[in-house]
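The two complexes that follow have subunit A in common; it is paired with subunit B in the first and with subunit C in the second.
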Partner chain A sequence: MNVQDRRRLLGPAAAKPMAFSNTTIHTLENKSTSALPKNSECEQELSLHTGFIENCNGSALVESRDAKHQTSLITAVYGPRSIRGSFTSQGTISIQLKNGLLEKYNTNELKEVSSFLMGIFNSVVNLSRYPKSGIDIFVYLTYDKELQNKCLDDESQSKQIFSQISSLIPHCITSITLALVDAGIELVDMAAAGEVCGTVVSFIKNGEEIVGFWKDNGDNEDLSGCLDRCKEQYIRHRDLMISCLMKQKNLNI
Partner chain B sequence: MAESTALETIEIHPINFPPDVLARISPELSLQRHLSLGIRPCLRKYEEFRDVIIENNTLSRYVDTENVDAKNNILGSNVLKSGKTIVITSITGGIIEENSASIKDLDDFGEDELLEVTKEDDILAEYASVYPVVEVERGRVGACTDEEMTISQKLYDSILHSRILPKKALKVKAGIRSVNEDGTFTVLYPDELENGALNGTNLKMKRKWSYVLYAKIVVLSRTGPVFDLCWNSLMYALQNVKLPRAFIDERASDLRMTIRTRGRSATIRETYEIICDQTKSLPLMINLQNIAFASNYGVIELDPESQLQDPNNAEEEVDIDMDDLKSVLIADLDTEAEETSIHTTISVITTPAGNYKQLTLVGAGAKITPEMIKRSLSLSKVRADDLSTRLNK
Partner chain C sequence: MSLSVAEKSYLYDSLASTPSIRPDGRLPHQFRPIEIFTDFLPSSNGSSRIIASDGSECIVSIKSKVVDHSVESELIQVDVDIAGQRDDALVVETMTSLLNKVLKSGSGIDSSKLQLTKKYSFKIFVDVLVISSYSHPVSLISFAIYSALNSTYLPKLISAFDDLEVEELPTFHDYDMIKLDINPPLVFILAIVGNNMLLDPAANESEVANNGLIITWSNGKITSPIRSIALNDSNVKGLKPNLLKQGFAMVEKYASDVVRSLENL
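The block that comes next holds the complex of A and B.
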């Protein structure tokens, strides 16, 4: 592989990325895990902002923090803007997920998630209102770090990452919904989701309708119990979104 | 008949636009109207800069010195917010093996004359740069834009020529990891030992490495030219970079074997990985006195025709001398209107002490007078002085 992108300054080809040792971390790991409180189920702190990016139609920032990890993602909505080519009776949505500062997830994972999100928002956005136009959504995973410093062997590490990306999905849905509202795009209802052990269920209409279902290989056999817990989280996220938007509106008046 | 009467009765109605619509239709006119009031479309004064809010090192692996984030490979970071634009800079690193055969080491090096010629190059060869990749988010996918490429290249060149990053600072002072009798590992660093168990000669390594720094600069919400913001953000980020200590295994420190093929003998050196320490790090020693900050200016001629006039004494000001165009200096260009209508620009990079690193003048349209250059230089110094104090907060 001697092909280098000549358009970007990527540095000397012979340079190797820094590889950090695993052996020296063990002492560190013990210290950090013991220092953390045991109640990992404790409440998530969510903070929502909209409309801070100037050169797009709508934007949202979602930051969440709980005992396990801290996430921040920025969503920008561009559109509805005209598309080239022949007439289409409905608008088309495209969603791009981008690795932020920590290049953590590979492109396949991100593509999988973005196509899942596309499925949700194709049914949530009132697409028939936007003929011959495209709505482009960019989700930028600014950072996503674990607060617990765990050193895992390779097998469990891959599992860990897999469950992490599913824990990101509800936040992606929240931020896309907020950004779409900020852009003034017509939605059927506010979509939000909840996540339990790698299973993500996304609802609309007060939990009466499921618009998306994602399952990772977590040991989650009790589906109805899982649904109920996701619904609780959905209601919480939705209420937060609505109160955030109302506050924003009151500020603007 | 009907046609002719229709022609006669045509009236021209002046159309009024709200200011924000006018700004979209005719940014030039909107800008001139604003300037005639003594302000700019962004409601700043001519020589007023945007405020800058920075957040240093919050994303790096060394945020918490007690508890290093193991999965994070960012060595230094900065988030800069100026006006509505947000610039996120993160610096990561790599390690490259140096070529041991540098020109000076060769026996058959040319004459003194050649040495003189290359001397100037040599001064620059003492310095390195970072490899920046700038991404300006504008809702498109695909190849990088011209702007991104130009800014990246300009950042690279400016850092190199500002002599901020000496190559010496990027040298890896590699340690050696050895396995103790009980199976545990210890890492020894030559500069940490003081006449300890190992002396310098034992640790002398033939191979040399140096760090390579990469900067990823993401610009969100671009509203105007962004080179200055990227540069300033990179300056802040560079100042808080910490380089991890690196080590190699003891048995690999100088392993070579001789092989013989077709009557020729050659030595093969074992390839081995250089590994970075999880917790130990050293601050990057940059030339602090060369840390400079960028600012930009535009020059625009005030168009007398689009001046907003006081309706009461409009009569008096009919006589405008069209040859005597007054041009003004505008600091810190922002907004689409200014970017599209101001083509004459001055961009300055200077240290707070007034050590000027770069000056770019682009004359297109409006005339740059020596006074304006002087003014922009002195403003840049004040600005750099102000920006440099932000780091300590």
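The block that comes next holds the complex of A and C.
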């Protein structure tokens, strides 16, 4: 655990935190948890890992696989670190989304998603706790592949055309939330999201508040149904994150 | 615009009260007055200039090119330039990506209207220059694109429509032009303050807004893309699901009036 005061300019780069005699040093192990939801149309497997990158404050790896595609994202959180210049009463968040080996998405589409994610995390992170600080988040899209699957019927194939970047956003949100928790940054609540046919809805507070809404295809039909299905996915993702973090905590004790 | 903590608190309370009191006395659904000039660039197929009452100004130019639509499927391309911002700035790239999605052929624009022959189509290039903007410019840009596309004239085809059998390039009339008949989508921006929704937020209203919504309106109904957007860094909060429905209802109620006034230019 990092015991330095992150709100101030720190000492030399090589300075180490104080270690007390009765603390045992844990080697950071990859903690993972995975789930196979039963009631979804296309079964989605999620695998979450945290704290595996040593030189950042918090990190997370989210891997997902369902009948349509397979995705893997790495998120690294640096901060809160002091920023130069005039005093700011609350922290600022920057999120950068990068293509991995597959140059699949346009830069401007990725920037649009990162600005959407910044909007979400501006309302999720308790920024007033971090004056004069910056939190930098880097999301690296290691792997994102559309799978050709025999079980897909015509309807889901037509949906697949529209799936595109919106199917990625819930995993970005899960991954950033986990990395922020891993970095010990104070959050209002665990944010997660669900995606239904190009519509992404991100919730907090047990689905009572929406922090992000993104719709990429289709008209505004059946909004309530869409919100309910996204909420189901949100609850599943959130529970999975919590169980992953609890496992990690139990390992550390 | 930078407001003090006390000013922000005062403004927030007045906007969040029932009924909301906007600093310029507008109703929640009321737009600021805008001025639009069309067809003022002689070298473009269509153009428009829009000026909002707060001094925000935007110029849009429409140009066209004949392309083989079996090779190029995307027949509309939007390019945004915002004065004082780098081309790779977050706001510029986000706006470009959003407007390209709004005008994407198929969902936003009927690509058959751009078809010339069985093989060739017009490709439309929409160049947007935001000269100055004080609040979120997406709505202003979309109005400018709408009026520019509605004032666009393209050369008249005189060669045959069926060119699959006979290999020939499309030939155009020397001076006759045909009005482009497409129905471009409009984009509305709403600010959410407390439990109130405000259409077309000004800069000071955006600064205290809890959240924002970008809603696209096309052919008499709400369509994608729809986004929630943080209008500032400091005051952003989650929104209740019923506010989302309230915002859609507000756009559904007033969008057709905006379309009508833009058509009557």
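Throughout what follows, the second predicted complex is superposed on the first by the 197 of 253 C-alpha atoms of A that agree within 3 Å, B and C clash if a C-alpha of one lies under 4 Å from a C-alpha of the other, contacts with A are read in each partner's own complex, and residues count from 1 in each chain.
One rule holds for everything that comes next: a residue touches a chain if its C-beta (ideal position, glycine included) is under 8 Å from a C-beta of that chain, and two chains touch if they have at least 3 such contacts.
Because the structure is a prediction, the values reported are computed rather than measured.
Engineer: Taking the superposition on A as described, I'd like to know which of subunit B and subunit C A:A15 touches: first, second, both or neither.
Structural biologist: After superposition on chain A, A:A15 lies in contact with subunit B alone.
Engineer: Which partner does A:F138 contact after superposing on A: first (subunit B), second (subunit C), both, neither?
Structural biologist: After superposition on chain A, A:F138 lies in contact with subunit B alone.
Engineer: Give one of first, second, both or neither to describe whether A:N108 is in contact with subunit B, with subunit C, with both, or with none.
Structural biologist: It touches subunit C, and subunit B stays clear.
Engineer: Using the touch definition from the top, say if A:I210 reaches subunit B (first), subunit C (second), both or neither.
Structural biologist: Second partner only.
Engineer: Answer with first, second, both or neither: which of subunit B and subunit C does A:N55 touch in the superposed model?
Structural biologist: The answer is first: A:N55 touches subunit B but not subunit C.
Engineer: Tell me the contact category for A:S82 with respect to subunit B and subunit C: first, second, both or neither.
Structural biologist: After superposition on chain A, A:S82 lies in contact with neither partner.
Engineer: Under the stated touch criterion, which partner chain does A:F116 make contact with: subunit B (first), subunit C (second), both, or neither?
Structural biologist: Second partner only.
Engineer: Which subunit A residues lie in the overlap of the subunit B contact set and the subunit C contact set?
Structural biologist: Dual-contact residues (subunit A): none.
Engineer: Hey, which residues of subunit A end up touching subunit B in the complex?
Structural biologist: Going by the criterion above, the answer is residues 7-12, 14-25, 28, 31-32, 52-56, 59, 74, 76, 78, 96, 100-102, 104, 136, 138, 140, 142-143, 145-146, 149, 151.
Engineer: Applying the document's contact rule, which stretches of subunit B touch subunit A when the two form their complex?
Structural biologist: Within the complex, subunit B contacts subunit A at residues 59, 67-74, 77, 84-86, 88, 90, 92-97, 131-133, 137-139, 141, 143-144, 149, 152-153, 156, 185, 187, 212, 214, 216, 218, 220-223, 244, 246-247, 273-279.
Engineer: Subunit A touches which residues of subunit C in the complex?
Structural biologist: Residue positions touching the partner: 88, 90-91, 93-94, 96-98, 100-101, 107, 211, 213, 221-230, 233-234, 236-241, 244-245, 248.
Engineer: Could you list, by residue number, the parts of subunit A that touch subunit C in their complex?
Structural biologist: Touching subunit C from subunit A are residues 89-90, 92, 106-109, 111-112, 114-116, 118-119, 122-123, 127, 198, 203-205, 208-220, 223, 227.
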